[in-house]
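Some structures to go through are shown next.
Shared between the two complexes below is chain A, which has chain B as its partner in the first and chain C in the second.
The block that comes next holds the complex of A and B.
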C-alpha cells in the first residue's frame, strides 16, 4: 500500500511515544514497586524488606480501610448502574425523537464542570446551615436543622453523582444499537416487561454495562475529593491513607506499598471484568 | 414499553417522574451554587438577602470579590498556563501516536498499544505519586553523582504539566485515531504518485483532514487539565492550580467567593462545551 515508505518516518513517530510511555508510566511504576520493598533498618539504612507490606496487613486500620474502599466502590458501581439504566433507556427508547438529542446533550453538561465544584454544590445543599435544611425548617418538617454531610450514605450519594456520566454514556451507546423490533417481537409473543428487561435488554447491554462498570469502579476507587470533603472523619478512603503517608508522615516507602496495593486491586478487578465478559481493553476504553 | 408499543398510564407517569427527579438531582448542586454567588450575604447559604455583585467586584476588607482576590486570580492564571502547555504537548504527541498506531507497522505494536492505554486504567492518585517518586529519585541521582541540581524534577509547574500530560495524551490518541480510521488513503496515494514525500502528504492532506479532531483534542485536553485534581495534588509546588487552591479553601470553610469562581467555571466550561459540540456536529 505505502510504496515509498521511509524508515525514519517510523522513528519520528515512535520516539516521542516511547519516551512518554517509558519515562512517565513504566519507569515510575517500577520505581514505586522498588520503593515499596525498601525500608529503614534499625541503623537507619535503607534495606530490602517486606516490612511495608507487613505493616499493611497487620495494622488493622490500613487493611480495613482498604477493604472498605473496595466494598464501597462495588456498591457505588452497582448503584450507579441502577440509577442510570432507566435514564439511558428513556433517552434511547422512550423519549420522543425530537427530545432525544436535546436530552442526551443536557445530560452531559454537568460533567464538564470540575468535580470540585459539584462536590461543593452538594456541600452547600446538605450541610447544617445548607439550603435543604433551610427549606425543611421553614416548611415545618424539621424542628431544627441537622447535619446531613459527613456520613457514609452522603458519601456514597456523592460518589454515585460523580460517576453517573461514565455509566450513562456507554449504556446509551449500547442501547442505541438494540433493534426495537426485538422488543416488539417479545412483546407480541406475550413477554412482560420484566422478562423483556432480563432476557433481551440486559444481555444486549452487557458490553456497555461492563465498560461502564470498569470505569466507574476505577474512578471511585481512586477518588479523593468526594470522600475527603463530604465523607467525614469516620469514612476513611484508601487514597486518603496514601496521601497521609506521602504528604503528612513523609513515609514514601509505606505510601508506595499502599499505592501498589491500590493499583493491584484496580487492575485485578478490571482484568476480572474483562475476562468475565470476554472483552478487550481497547474496546472498553473507547 | 418503548415508543412503538402501547404503554400504561402509570408506566408513562412513573417514568416521566423519575426523569424529572433525575434532572433535579443532576442540576441542583450547580444551580444552587450559581444562585448563591449573587446572594448579598457573608455566607454561601440561604436566606436570600437580595441581589449583590459583591463576590465578583467587591473590594472591601470583609468582602473581596473574585476580581480583586489575588490568591485565587493567581491560581486561575496557573491553571490557564498548565492547561495551555498540556493541551499543546498532549495534542502534538497524541497525534503522533495516532499516526504511529494507525499507519505504521512494527514489531510489538500490539504490546505498545496496550501500554499506551494503561494510563486510563491507572488511578490518577497512583500516576501522581509514582511520577513524584521517580522524578525525586532521579533528582537525587543527578545531585549525588553529577552534582547537578535540576529544578525541573522538583514538584512544581512543569511536573504538574508532565503528570497531566501522561494520561491526557492517551485520550488525544483515541480521539485522533477515531478520525484517522475513516480517512480515505487513496488521497495520500494520489499525492505520493504526484511526487509528494511522506511529510508533505501529512502536512498538506492528512493534517488538513484531521483538523476537527485536533481542535477537539486541544479543547478536551485543556478542560481535563484545568479540572484535574487527583494527579496534580501530589505534584504541585508553591504554585497551586485552581482546583487544588479551591480544595484547600473548601476544606477549611468557605465564603461566597468560591461560589463566584464556580459560577465563572460553570459558564466558561458550558460555553466551551457548546462550541465544541457545534463544531463536531458541523463536521458530521
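The block that comes next holds the complex of A and C.
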C-alpha cells in the first residue's frame, strides 16, 4: 500500500507532546548547556569557558555534596525497596481479594496530600517540641526532649517515606503477574522461603524492582523539599547547591553546570544499574 | 492387600481424611491405599474435592481430620519441601526465569547434591523423557507436550515415593492429549514410580490407571479397576459419570429368580438379571449403556428385551456415533450406539425399528430419595 498522506490524527495527538518536549524541556536545556559553558572574564564580559566545571571539581564542598547526594540516593532507593517489598508481597499474595483494594487505598491515601504537608506532618511529630518528644518525656522515658530533626537518619527516613508509593506500585503490578503455583512448585521441589525469595520471586520481579528503583532514585536525587525541611542546613543535598547558585548567588552559569553534573550523574548511575541487573530501559519502563 | 501370598508395599495410605472450609466439607472421610508402582487415578467432576485432596497429600493444605502416610510414615505437619512426594501442577509451573537444565536441577540443588551428579542426573532424566540435548532451551521455546515432559522430569529426577499429577493434560489439544496419555502410561511403567493422577476426564483415567477412584461431593463412590468401574458400577453416580448411559425409572413388578421383571415408563417391561436385593413394588433406576442396545436384533437371539423405537436424529461422531430414538408412542428418548460398519447406513430419522438388549446388560439401583 502506498500512501503519502500525512496521518492527521496522529499529528494532532502528537503535536502537544512534541511542543511540550521541545519548548519546555529541550530548549531550556540547550540554553542551560550553553550557559554552563559561559563565564565572565576579568573584564566582566561573558566568554566561552569551562571554568564553571572547574569550580565544581576543585571546590571540595561541591564535590563532596555531590557524592554524598548520590550515595544517599542509592541508600534511600535500596531501603525503599526493602520496606515496600513485604508490603507489596502481602497485598498481592497474602491478603484476601476484598482486603487488597482497601490496603492499596491506604497506601495511596497519604499521596493525595502534597509533599509539603506530609513533610510538615513529620516535622510536627519529630521536632524538639513535637508530639513524640512530648509523650516520651511524659512517660518518663526521656529526661528532656531532644531534637530528632536535622540529622541524616531522619532525612533518609523522610526520603524513603516520600518515595514509597513509586516503588510499591510497580512491585504490586509485577507481583500480580507472578503465578502462585511457581512459588508452590518451588516449595514442593524442596526450596525453603529464603530460596524461593531469591530464586523465584526476585528474578520474576526484577523488571518492577528496576523500574521502581529508577523512579525512586531520580526523584530522591532531584528532591529539594524533603532534605531541606527535614535535614535542615546539615542536609548538604546537591539540589540545594543548585538552588543557591541560581537564587542566592545569582550565578546562573555555575548553577547550570551543577544541573548538568546532576543530570550526568543520574544517567550514569541508572545506566550502571541497568547493566548490573541485565535489564533494558525500554522493557523496564513498559 | 495380599497378592499371591506377597504383602504388597503400600506407598500412599489415606485414612478418614476430612477437610472442611468453614461450613463446607470439601473432603469427607476418604480412605484409600495405593500400592507401590501403581497408577492410581481420582476421577470426579470439578468441585468434587479432588484437588483439595491432592494438595493435602502434597502438604499445601492441612487436613481437618485424618491421617496420611507416605511410604509407611505419618507425614502430619511436615512441610511440602520435606515430603517425599512431588506435584505436577495443572499449569505445570515451570520456572520461566530458568532454562530446562536449571528447572530440572532446581530440586537437586536444594538437596545440595554435587555439580557433577546433578549434571549426570539431568542428562539421564532428559533421555528418559526423550528430550536429550534440551538442557539449554528456554521454557518459552518448548511446545506444550515438551513442557509437559520437562515438568514430569523435574519431579521424577528427585525420585519421589509418590508423584502427584493435577490434571496436567487439561491444557493440551485433543490430539496431543491422546498421545500424552499413552506416553505418560509408558513412562510410569518404565520408571515404576507410584502415580496419583487426578482428572475430570474419564478417558484419561480409564486408559492410564491400574485403579480408579470415582469421587463425588467429597466422598469416594467406588475404587476399582477401569474395567469393573465400567461394567459393574456400584452406585448410580458412577453409572452416570463413567461412560454414557440411558437411565430409566422403573418399578419392580415380579421376581422370577434369576430375573426380575421391571415396569418402566412408556409401558415397557424389561427383564434384568438380579444383581442386588430388591423387593416387589420398590422403585429402581435402571441403566443401560448405549452400546448394549442392539439395533434390529436377529430373531434367534435369546434373553432379549425387545421393543420398537422411532429414530429421531443421528449424531455422527466417528466411532462414538449415536442415534437418538423415541419409544414408539411415547416421547421417552434414549441414546443408541451406531456402529460405523455401513450396516446401518440406510437408517434415517423417522424410521421405526426394533431394538433389544440382553437381560444381563442392565444395571439397576434402588431409587434414592433425592433424585440428583
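Following the convention adopted for this analysis, the second predicted complex is superposed on the first by the 252 of 286 C-alpha atoms of A that agree within 3 Å, B and C clash if a C-alpha of one lies under 4 Å from a C-alpha of the other, contacts with A are read in each partner's own complex, and residues count from 1 in each chain.
We take it that contacts are C-beta pairs under 8 Å (C-beta built on N, C-alpha and C of every residue); 3 or more make two chains touch, one makes a residue touch a chain.
Since this is a predicted model, take the numbers as computed values, not measurements.
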Touching partner for A:61 - first (chain B), second (chain C), both, neither: neither
Contacts of A:182 with chain B and chain C, given as first, second, both or neither: second
Touched partner set for A:203, first chain B, second chain C, both or neither: second
Touched partner set for A:195, first chain B, second chain C, both or neither: second
Residues of chain A that lie at the interface with chain B and also at the interface with chain C: 184, 187
Chain B-facing residues of chain A, complex: 1-6, 9-10, 12-14, 16-18, 20-21, 24-29, 31-32, 35, 83, 86-87, 90, 93-94, 96-97, 105-110, 112-125, 129-131, 134-135, 161, 164, 180, 183-184, 187, 193, 196, 214, 218-219, 221-225, 228-229, 239, 242-243, 246-247, 252, 255-256, 259, 262-263, 266-267, 270, 281-282, 285-286
Of chain A, residues touching chain C in the complex: 179, 181-182, 184-192, 195, 199-200, 203-204
Contacting residues of chain B [partner chain A, same complex]: 1-5, 15, 18-19, 22-23, 25-30, 32-33, 36, 43-47, 92-93, 96-97, 99-100, 103-104, 106, 112-127, 129-134, 137, 162-163, 165-166, 169, 174, 178, 185, 189, 192, 197-199, 223, 226-227, 229-230, 233-234, 243, 246-247, 250-251, 254, 258-259, 262, 265-266, 269-270, 272-273, 277
Chain C residues within the chain A interface of the complex: 58-60, 79-82, 86-87, 89-91, 93, 95-97, 106-107, 110-111, 154-155, 158
